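What follows is a pair of complexes built around chain A, which joins chain B in one and chain C in the other.
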Partner chain A sequence: MIHLTRRALRTMKNSSALLSLILFAAAPQASAADGKLVIEAGKIVTLTGEVIEDGKIVIVDGRITAVGKDVDAPWDADVLDASDLVAYPGFVEAITSGGMDRSNENVDIAPFLDVRDSIDPVNVTFENYLRSGITTINVQQGSGCVIGARGHIVKPFGRTVEEMSVKPRAGMVLSASPKRGKSRATQAQALRGAFTGLKRYLEDTVAAAKAGDDYAKREAMYQGREPDEETMKGRDLDCSAWKVEGMKLVPRWEIDEKQAPLVSLVEGKIPAFIYCGGAMDVRVAIEIAESNGFLHKTTLVVSGDCDRAASWIAERGIPVIITGSLTRSEINEETDEMEDVFIPKAYADAGVRFALRSANSTTQSLAYQAARCVSHGMSREDAMRAISVTPAEILGVAKRVGTLTAGMDGNVVLYSADPFSVDGVVQRVVIEGEAVYDRATDSRVRHLEEGIAPDNTEQVDPRAREYAGDGEGDDGDAGEED
Partner chain B sequence: MRKLSIRAPFVISALLASAWSPVTAAPSGDAVVIRAGEVIVRPGEVMKDVDVLVIDGVIRRVAAEIEAPEGARELSGAVVCAGFLDPWSVLGINATDVSFTSVTPSTRTADAIDPFGQEFQKKQALEAGVTAVRVQASHRALVSGLSSVMSLAPNGDEGLIASDETALGASIGLTDPSSGGSSFAMGADGSFTLVESGPTPMDPFERISQVDKIVGLLEAGVAYRVSQNAYAVDLKEWEEAIAEKVKELEKDFKKAKKDRDKEIEEAKEKGKEFKEERYKEDKAPKAPKYDADKEVFARVANGELPLVVEVHRTAELRNLLEATAKFNRLRMVIAGGTEAAPFAKQLAARNISVIVNPSPMGEGAFDEFDGHDVSLAATLAEEEVTVLIGSGGRSAGASRDLSLLAALAIGGGLEREHALAAITSGPAKVFGLTSHGAVEFGKQADLLILDGQPLSTTTSVQAVLVDGRVVVEPKK
Partner chain C sequence: MIAAVTLLTLSLPAAVAPAAGADKLVVFAERAFTAPGEVVEDALITIEGGKIASVKGGGRASGADLKAACVTAGLVDMSFRYSTNPNTVEQSSEVTAHARISSSLDLHARGWERALRQGITTVAAFPVDRNVIGGMGAVLKTGGEATLDARLVRGDAFLRGAMGSLPSSGNRPSGSRPANFYARRPTTRMGVEWEWRKAFYDAWQETQREEDDRPGRKELMSALSGETPVFIQAWATQDIRTAVFLAEEMAAEGMGTMRLVIDAAAEAWREPALLVRSKAAVCLPPLPAAGRTTDGAFMSMDTAAKLHEEGVPLALSAHSGYGSGETLAEQATYARRGGLPFDAALAAVTTVPATLMGVSDRVGTIAKGRDADLVLWNGTPFEFTTRPVGVVLEGATLVGGDTDR
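Moving on to the complex of A and B:
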């Protein structure tokens, strides 16, 4: 059905000059006829350990049907000639609060809200994601919360959130580090209070339902009729940490919309992303998740010196998403000397699975962050996994994205060279079988590289502008979260 | 925290075993044997030339010539005593939480503990023999929330918190360090001079009103508990009445059914609509709304949780003692008590302990302790007030000097035994830490090996064990 809609829209695009004006810069460059596309790539890196020289990727109806050197392609498929390019699976952004009209809510506990109502499809963030080969994005509320709104996994292409949608209601953010106006202790108090409040609410609801049923029975007896048949309307609470007896009496749709998302959380039905700003937050985050039965669905979103708690995290077997700076300095107590810690390596050494995040003061590229891992002595495989397979697993979409294999979504990024090298740039991007980006026609890139401004804009040579600082010390990371 | 109840069967079997033969077949686990010239079981109770056997973090035996189990580590020293417990500290608390004041009674200091912070201060305190601290964040708030007891050498995250809700903290009349400041004063010639003023002490009336506020909160806690109990009673009555009613209804059901059938028939004959008879019963009582903060004060007023009030001046002390006299279950502890000496008899009679901070004078001393007399601890102890010694709950580094503070109190006339009790068995008893504070069977093995008598300035700590693990290695 989504497919049909998209085709209908495509027809509209082609016929309407007016509509084409509102398309964003990276408009579709080629359309797969009847949803069939063959990418003929100079090299295919599947990220399953296989590298195919001069191979083909066949995508039918948005899904990859075959990858290999000698695979049959439908005779009527469109062909994307990428013989001088390297194909990678589209990269996965494990978490971001970019692309929304604002990243945080004032309310402490807001899981009854949904980020889909805040995602702005024409936000330039999505265009930049496309430009840097990121095709799956987990949009969540920022860290300024106690429990945030429900998140949404999207792809960076489409004019409505529905078109962009990969997975709705994709978990929620919790924060163990204090939001504005709170201390560590009061933040933890609010966090814990949300769950004790939930338990109390459920118990009260059950008690009310039971009282109502009992009353109905007595009324029937008094009036001389048989009591109404008891119907099992609800089901037991499936929480491994605590129980509420009698949940069968309460149909799920009767649960308050402010509490219902928390029920999904304690039942382990949706992932939890817990922000930890420093190592001390890890203890609280783990305790909250453990005592409410969702530790196995928890990913810690770590920054600062959280890696000092890496062994605690490893013990629980939960993954992390590394945000903020990838390095930090600490004083070695024995030598009294300043030492640099490369954070991803600290996690890897402790045996913690980690995903990287694109946000950086100079680029919005996951490949760049992964390349830094390689430059600090980590293996290419580990670095690549941190921006593809691991985030896909964390988001619960590992069966759809992260590698180039049959059955996966047709998300392919075509690089001019090794993505970890300086001259490896994203030339083409294919999302679900549609070629949605071509660097050759990217007006912003042309503006930057050749000084040619997009149509209908003032011609300004960017190189002629006055130098206004290189952004160093501006703390580019902090801007996004807070 | 280890539970004593688990060990109970052990007591019997160990006693039986020791009656027959010296313990030879020791249980497996990490074992340590300390050969001591002297073991201070608890202040005032000394055993000469004995050994201490520790297995799995617990003291299993204190006796002469214990045979070391296979693989056990053997240590020796002149004196062995229990690790020091600072009953009034902020060591290991995130700095922001220490000064933060927008907290409620149910805010837990346990949540402000930074297991990775202040490593240097923790190490120094540990080397000075302090093995655990009672920490209270937000000490400047009228009600500071729930304090915890934290181990200074936990094994990972296990054993970090020995007690997460140890006491409720409160404070009266503390000077706000950010008060005061600078202003311009106009001189006779029309020129302006900058006048700097230090923090201003709290207005006396405000200090007294703080006492009233705490009493008000205690009363609200009592009322909350009363309403809960009343609800339980009402609910039981209602349930019994309803059960009675159900019996009746069951008995009358056949008749009711017959009547109903008849009425339906009649209604049909008359062409009228049948109406069910209206059922009436007493409404169920309504449960009081849960309130976490009132619940804390209910526990405090009922003596389930001690209330530690930091208070220094005579006026507030007198008012506080008078106003709280009616709460006969309240377990109050005074922290600071700079001018508490005149109230010693009353404090002893009401079993109110005092955590004294024998603060050194001079640079860095805390305002509230101005006028502190080093003989305060001795004066109170003479009147049989339980005296504890703490580092003042303001600076993380202060816990290191706990034994020196105790020595200072000894200099002020406090008996040595009292001083040692004030930082070992005393805090353990007042704050209900049943497995701390003594060197005897069943206690957690937080032990110090010293080269002389504790609290002497010439004695140094040779080695420290926490939970049976050697965390400060023997010197030499």
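Moving on to the complex of A and C:
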């Protein structure tokens, strides 16, 4: 029996949510019930430079144990026959706010929030990810913030966030471009203010501890925080940019929960994703990250003309996630001629590592976005890397996802043909050894591709009722029903 | 294999410039798709005076001015919508058949060049959908000297109309709030249908009574007789039905047989038999994300393929990227992904729209005497991994720009 929360029941009234629920409930569950699966694929593209014809992928307890032509498989493993399909590692979405119930918190500085409370497992976004072969998704709050909530890396399968979880508290969003109601100047000041505020708070807390004030401790107890062996201790602040003397006096569990996530950030313990809407925001983003010691954990989420600052980003050695249009055209002010820029190539030429994002206006396919890089002269390998290995590195999960090699999570996408071609469609998806998607039983793909809606699920739009004649019987055709 | 690189090394400043070396230009392509179903291998296309002088197979790349993996005719977008601003539609009345888009075009707008850079060399311009009958559409080239003389291929190419909710959107009945201009008809689909019917009946009756010419009567009668095609927007099934039924009604009354081209017919896939019966052609809008598009219409990925199988004449459009940001070449690629055969995809962005607009004697194919409008591709067209890398417009070259947005 599927447990439904009140909100899930409410959203079920929305037919798309209902559809997704049907799909999720109907999808074959846990085909590798004993935890062992062998995929026999016509071709395996491991994305480590190796292509294996007629090979096997062995997955035990959710992890790949062997990939190759002549590998031993457990005698009792389930076999997935994919002899006419091509296997790729599941693709990685570097950042998205999809699948969240409203993606922006109105509070300027809100790192104490966690998107896990906002992820809706039955959101149709996750279903679309699955049928596009995207198996690892970094869900972060939107760009409408100064410092946003902590994000969560999930897989697009499961009925609760816990089931979907790949990595909790996986980074934090900051925005260098102004949120609604702010100018660029006030946005930058608010960002700087968050960190000077943190420093002042820590100094005040140390001063209070020196004076024997136990307010912080009482507050921590009041909030019901539970200390463990590690957090009972005070220790020096591990920030490379600035110091607070006497932090040993403050047990870590006593640090206010509104400030604690920022401490993790300046200590370089979690990744930062900084939104930049244009080249001028890049300077602010780098200044904030550099002056607070987390530049090495920073990824810029770029759009607009940020590529103008590509060489500057390259000097810092930090990667970018390209959002929005992959091309832009501008008018040369001197010659008045139109010039076009293919943005991924601009970053590649400057030596900046980049990840692509799936969303364009028509599809949610990382493969098509990568294919466009090929059309602009980049190599297939470089294009593939931007949707697999590079985003996995950015998210800090490169030891788990991004290639098909022993030791990685058992995330495999089985394509009918080359993912970059018009004939390539996702036929099967395996996540952590479970066969979770089969195109043959995907009722929504038939709706999207052939217009065949599942029975009783088509949205009833009162404006779209069909014309049934004018009642005067003077036009036989008009009165006809099909 | 000649890669994009070959072409890019030739790259001139990205602008339309006269071809190097006077009036003659020779283009080499490993494969020239001269018309749907026709391929010339190792083609040498000779251009003189802005027209194609000859097309020969089995040629050599050496000596050619431009080289590419593949070549097609310049693309044609008959629902280009160079401006979707409602202010481009005359709103003093809901029926302005006498209005001519050609008298209000801003030929210096950058949108034309963006289209050209995507490989679109010929487009239709028309009052989009703020009126029930917006006026007369024109066919233009997207580049060249910015004058109507230089760019106009055919004025008064079709009468533009719109069904559905859009011609009435923004209008409201006069009532509680102080009346302004938008307190006007029509306010519903019923009203849109009524205005359409009334316009043609009035024009027809006035003609029968030999009354004095009223602005627009001539244009409406030309459309009613089938002399000028009617390019009518209808996204949803119910609106496609309305457009067809109204044409059938007027034919049954002996008023004339319209030539219908249904624009933005997202839901045409639901009743292709209706379109076959009425001999209507279709111009599809850009493929939307998750199927839902304007007016609540649902467009499935195989819409183009289905219509093609049923034999409905089919054109594709990118609506100048409005709402989708994607190019006409990409729309053709999505149609291929939905099952449309290559030759039908090529036809849908070249010969079919050229024929529907009555300009196929000049554009849409690569043949002797046609306008020298070519798209140079860095591989087989309409794949996700290829794109237009060069454009020739009436013998002038545009090379080296990125061509998608």
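Keep in mind that, in the parts below, the second predicted complex is superposed on the first by the 397 of 482 C-alpha atoms of A that agree within 3 Å, B and C clash if a C-alpha of one lies under 4 Å from a C-alpha of the other, contacts with A are read in each partner's own complex, and residues count from 1 in each chain.
Convention: a residue touches a chain if its C-beta (ideal position, glycine included) is under 8 Å from a C-beta of that chain, and two chains touch if they have at least 3 such contacts.
Note that the structure is predicted; figures quoted are calculated from it, not measured.
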item: Partner chain(s) touched by A:421 [first = chain B, second = chain C, both, neither]; value: second
item: Which of chain B and chain C A:189 touches, first, second, both or neither; value: first
item: Partner chain(s) touched by A:399 [first = chain B, second = chain C, both, neither]; value: neither
item: First, second, both or neither for A:448, with chain B first and chain C second; value: second
item: Which superposed partner A:327 touches (first chain B, second chain C, both, neither); value: second
item: Chain B versus chain C as contact partner of A:339, first or second or both or neither; value: second
item: Shared chain A surface residues [contacts with chain B and with chain C]; value: none
item: Chain A-facing residues of chain C, complex; value: 3-5, 8, 13-15, 110, 113-114, 117, 165, 189, 236-238, 241-242, 245, 248-249, 252, 269-271, 286-291, 295-298, 300-303, 306, 323-326, 330, 333-334, 336-338, 378-379, 382-387, 401-405
item: List of chain A residues in touch with chain C within their complex; value: 124, 128, 325, 327-329, 331, 335, 337-342, 360-364, 367-368, 371-372, 374-377, 420-422, 447-451, 461, 463-467, 475, 477-478, 482
item: For the chain A and chain B complex, residues of the former touching the latter; value: 178, 181-189, 192-193, 196, 200, 211, 214-215, 218-219, 221-225, 278-280, 283-284, 286, 305, 308-309, 311-312, 315, 333
item: Touching residues (chain side chain B, partner chain A) in the complex; value: 94, 96-97, 100, 102-104, 106-109, 111-117, 119-120, 137-138, 145, 156-157, 160, 242, 245-246, 249-250, 253, 255-261, 276-277, 279, 281, 284, 290, 292
